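Following: one structure in structure tokens, then a few remarks.
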């Protein structure tokens, strides 16, 4: 699994693509803190620097100096339990018959094992368990006999699942997005070049202009001299399966994904939440920082109509929006965990209530999602200890009931509080006076998308891809895997 | 100078005071990131662990284990240019004739050199340049001939300037605040003990109750068994000189300082700012995170009255409050600086505009203060580049025109943009369509304090203490320093 | 190039092969200080820990714990300029169709590029430049269609050059030595298992018994339960090409290589040196520690006969053997280099003369070899500064005139002082009163070997393998590389 | 206790005394590996860099750059159990009324507690437990009223015990040696300055000339411009108490201490050992590296006479000297200890026998001393396992029966194998076929010293200083401590 990650690729007029790649990765740091890497090509050879750690720790001035070249790709990797291992840090590089390949991958293939076995049958030897090495070997093999575009197309037809890739073949940088457009990927124009990145915030950071999203099934090839890009629609998807959770939680609020500004999407989700499940309380407060945009939209909507949808009376000042929980910005770094009986402290080290906002008041607490429910339980208890009369919890997404197979490592099904509990049961566990989520339909509406164009596997348990042991939510038209074999001489 | 720092002291029923001290320091981390330290006493001897770095990096489980004792003090130190030196990390410990002393100091003495010279004349040898060592030596000398309370009193009469101290004499933990109460210090009750800390957020973190602020000129002595505390009003100040800047910038919003919740103080300052200098624009946005509470109060006030103080008409929806700048939470750690011509990038790596909030709109940007003016200039330029029609800057404090001698290392007078410029001139430099600050009078009103009870040296250039070469803002009654000498046998 | 390295492989009765592998690598640390690694197999899967650094720094207790398995291989890698890169740290691991492979390699192939190109033509993609990956891929490919023994044999017929390998195929550990036996490799019996290692000192360290050297062209397969080993003479070499320099410099003196104890070999070389080129001086002193065994043999021989080969007269006490240079054991770790004009200091930080041994005396200084001549020049100058009347330099090997292509990274031809200078010219540069080397014939005699059974490429410029642009010293019978192609389906 | 340490002080013509101090400390690294430090003075202020670790790790180029000044002192500290603490790293620096002081100390005071208590009574506060801070405070106090020379003299009269000090008062560098000259200290002339150092090897490293030892009771003051030095014989000792163990074990063999080259001293001790307790065996071998010089002298003597003191017969070739144990140069760094049943391995990782030297032979093993006896036991057992017919152990010093109070941390009395066992009993424990030590009288003879001029407390249990609970070996004339008090105004 290649988890939630950030990818970037750049073609630049001058020789130092490494610096914009570095700043681009910095802007994507929220997509992965486990490892960071950059691979560049100077026309003759690849240069690579990949290490465990944050972007700021992995690279120093000398590293950037040594990464010669006007083109390059980069990657930040998301930390997941059990995989803290340098073997899977990316970009992944190989050299093969007709040159070198570098790959940065965000997503998750569902048929990696099949392809791996077929390639192994042809003699391929693998140094890691990763999907990325499988894609690299498949592509390298195709390149033995075909030109670049046809080789990428053949590989795209072979691999199934979600993938946003930046690829460097010798000095040529490309971007590829899976036919259903599950993970984000966009194109930007810089002063002296072009960039492909997971999120538009990376383009902004470099003072560039967002050109557009990479289309599902599209291959984008940057000119080596940074002067433009070519597009090849290699696979036509019948429908898209954009991950709605990117908008809810993962992407930066200042990024624009599939035509939608994430911050606005979150405010819309908040508005919908009021309309669907608003509750009149003294104060509305976000869980910082994740619930802030939701709470802002929720409060705005609440200023206009009452919880029952009536326009506010003239003298009805509506609900008050206030910050009621203060975040300690230093928590999340190294930290000695409190002992069992100091457990409540853990949450209070992170978030401390502002008494004046809470004491004696009825409170609506807004967050983006509930995974295990631990933090929500602690926060409700904390607010009540500080004198909140009531605590109502409103969530800007549907209950998460199933795992994500598309590259976001949430939790196992057993750990998800909503996987086997009704909403009243969750309410009970968490101790909230009321709890409400947003419906999938409202999510689609808030995102201005068709319900069927979104991947909502984690909240419906039905997936846009064939996952072994899981139902699918659509008819996916794709070539039968069994019918297409790789041949050594083809 | 002992800079902006955080201090804490704890007396606990059980043997492990080190853990609550650790969590207390974690809660005060914003007051100092240069070094961290804890000194405990187990009834027989001191244990000490002081190192350069963040709290989470300085201590591991073994360190906390080794810090035996039911009482102890801690310190976090603020980083200042040129002083990155382990010599001044605190708590400072010495052993002397009748036991051991540990000191944590927040503040700055104005007569440290004089006392140092006198003590040197009596044979004292110093290992550092710090004020803290001077206080320690003076107190140790007084303890040769006097009981603890009288010795502390004698030292308090000798030292002039700002100081909030936690002191450990053998296993007894004390807190002392200077007669004008310049730096904050408060007392809290824990489940099994008592705590003295710079800010009440440290008490909250330990699930304790804020008892009250330590009074100016007061000595608080914690019972060694954690069962209570005694108070000694050792020096009567004629007036206080609370630092108003703690409320504006330095303290955590969730702390309660001198009876006032910082978050509310900031909202009040924001309200006053609207009333004094409001401007009607499409949108009001904070500089995150420093301007958020100010902007929230400002926008609330603007919902009620127009910029000219009239009540809003029925159909006048007032100003819109919105987040328009998104912060990259990872910046501020290790980071390769952009080159000269990438300079604009530096600000955009930290803060990225949300286009939909900005484009084509008139914008009011709210911040707490302007020091050098660099960031403000970059932000205004950034917003205009993103299409803002107008950018108006509103600041929740008066112009900073002079240095702080009381322990906050702002900048030299030359670096302060307001030290030699009129407001129109600053407006011009920064490129804002308009710029307005808050008046000192409104600050006092917003804080619910007498103007004369606040230290406003940095915005008036007049100080509550005799600073060589600076005017004073009041008559300070205090014993003449020259007249009181320390005698070896007295 | 796989440089001077140390390899080890172990099959053990109990589950923890990692500990004896660790101690074995510790004993081979002199063969490589750049990186260290261990790969084990627990019957189900491989466990691997490979890092840059010394054995003692690379592994901690937890690492050894996690390296489960009763079989495993290990590697230490020699540092060479420009290759300080984790990409080439070993053992190298891959998984392929029918299992996993781990390889530790000491030596250097001469046809790696050819094989690499052929494999690339079949679709193989490579993650490094190393010979070892080439061997791994070739072997993995052969294993698709053949049993282990036949696959290894096919690979041995393909690869040319010097190699001593330990290989782990799934949980089976093997040792392979090239048909000319260039690098050392030996078999040992332990209390609970068997070991294959570069040098017998690794066996001694584990209190094991040296069984014998691995024969040139032999494959040794250890039983997985540690109960024994099988031998397969896969390739018959026509002659051997043992590296004579292992005996002169590289191996530990307490190792037994190809039947010869290295310490005795060095003493014999010293004796020959006296017989061939002895000079009567007041004192004979070694360059510590490299020249000690040579000097001891030289002095012993000098006690028996005069420099002209006559028996000593009764009252002739012969030459005095003495330590005249003291080594600072701490040099060689981190160290700030002296500036240009402090250059002489560099040698004196490492080696300081004992004046009483030197002053006013004629001195013979004994070393094992001269590479660039820099140290020799400094030492002669140092001894003269300390009052030596004469300094005669005697070297226990012939002049090094050409590079090593077999895996020892000495220097480029241009850097070798003897590559373009006569002995009197070198004498002149170094400033010695006389200089003499040992002849190749005497080396062979001292090692009890046929001249033709030794690789002496670096002192003759003629090599036992076809090196492009270099003459060969023999007729090497081997299958034509061009004639044997790898076929995907063969 | 200030343990076994190395001290150095330099006055230099040019501004960069830090570099020669660094190289000097490198040469003294064997005297202390726990911490290293340099303090310099640039005419205006002190610069200091002191850290835990080896010299090469503690300083980098930037550190040396920042240590401005033409004068300075340095220190390396010996690691001892329980004191791994930065508090005691040296040089120790203080500023006081009339300037600054820096001290580097090698030795141990016997009356530090008394002086400490007196100073504390006068108001002094201490930051550490160390002797060095006591000396610094006493000297600083004396300097209030007296010139430098008289102040040092007064301090020397106060402190009792062993001390070799380098002191920096402002920019003046001095060296002081206790009246009995227990620890070594010598003066050297450099190209552009003068140096005071624990051992002459530091002078050699800087290409300087040894001028002479600092005399017991002497103060040496270096001219600030590096042009010379002045001598003040401040205290006349009645007799000396040079530590004989410096010659036996601690000093470098290439150092000259109290007029005697250590290497020659050790060879003489070896000769005496043969004469006193020689035994005829096939081979004489040193424990490397500690026994090498002893074994060389022993074997030389054995070439001349038989064990019974007769001249050798013509055809009697005497004993053979050979290296029989090979040292692994990498052991001693980080290292995972073998488990209980791998215990024998620990010694074999360090020292491996050369079978040909040992097998079937009678062996004499030579070492400098036996402390706990553990290593000797392991070595005898190891040699017997390798086939030695007999192993005879000869030690170049008397049995160590008592602790050292003068600054060498050997072991507690209980741990010393000879403290409660006869020689036959030790022989039995160690498993040697015979064991013999050297007598104290022979040690004195070998060192060319009067028995009464040496401190032999550790082998006699009688000390040259009054140690509480231990007998003294002489009448020490010194001012009564009780009778001389420090007065604040004196």
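Think of it as A, B, C and D in the order they're written, each chain with its own count starting at 1.
The rule is simple: a residue touches a chain if its C-beta (ideal position, glycine included) is under 8 Å from a C-beta of that chain, and two chains touch if they have at least 3 such contacts.
None of these values were measured; they are calculated from a predicted model.
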| item | value |
| --- | --- |
| Greatest separation from subunit A - chain, by CA centre | D |
| Rounded Å distance, subunit A centre to subunit C centre (Cα mean) | 51 |
| Chain centre separation in whole Å, for subunit B relative to subunit A (CA means) | 38 |
| Distance from subunit C to subunit B - Cα centre to Cα centre, in angstrom | 63 |
| Subunit B: positions in contact with at least two other chains | none |
| Arrangement of touching chains [line / ring / star / complete / other] | ring |
| Chain-chain contacts as defined at top | A-B, A-C, B-D, C-D |
| Parts of subunit C lying in touch with subunit A, wherever the complex brings them together | 93-97, 101, 117, 120-127, 136-137, 140-141, 144, 488-489 |
| Subunit A contact footprint on subunit B (complex, rising order) | 19, 22-23, 26-27, 29-30, 54-57, 59-61, 64, 201, 204-207, 252-254, 256, 261, 263-264, 289, 292-293, 296, 314, 321-323, 326, 328-331, 333-336, 338-339, 342, 344-345, 348-349, 352-357 |
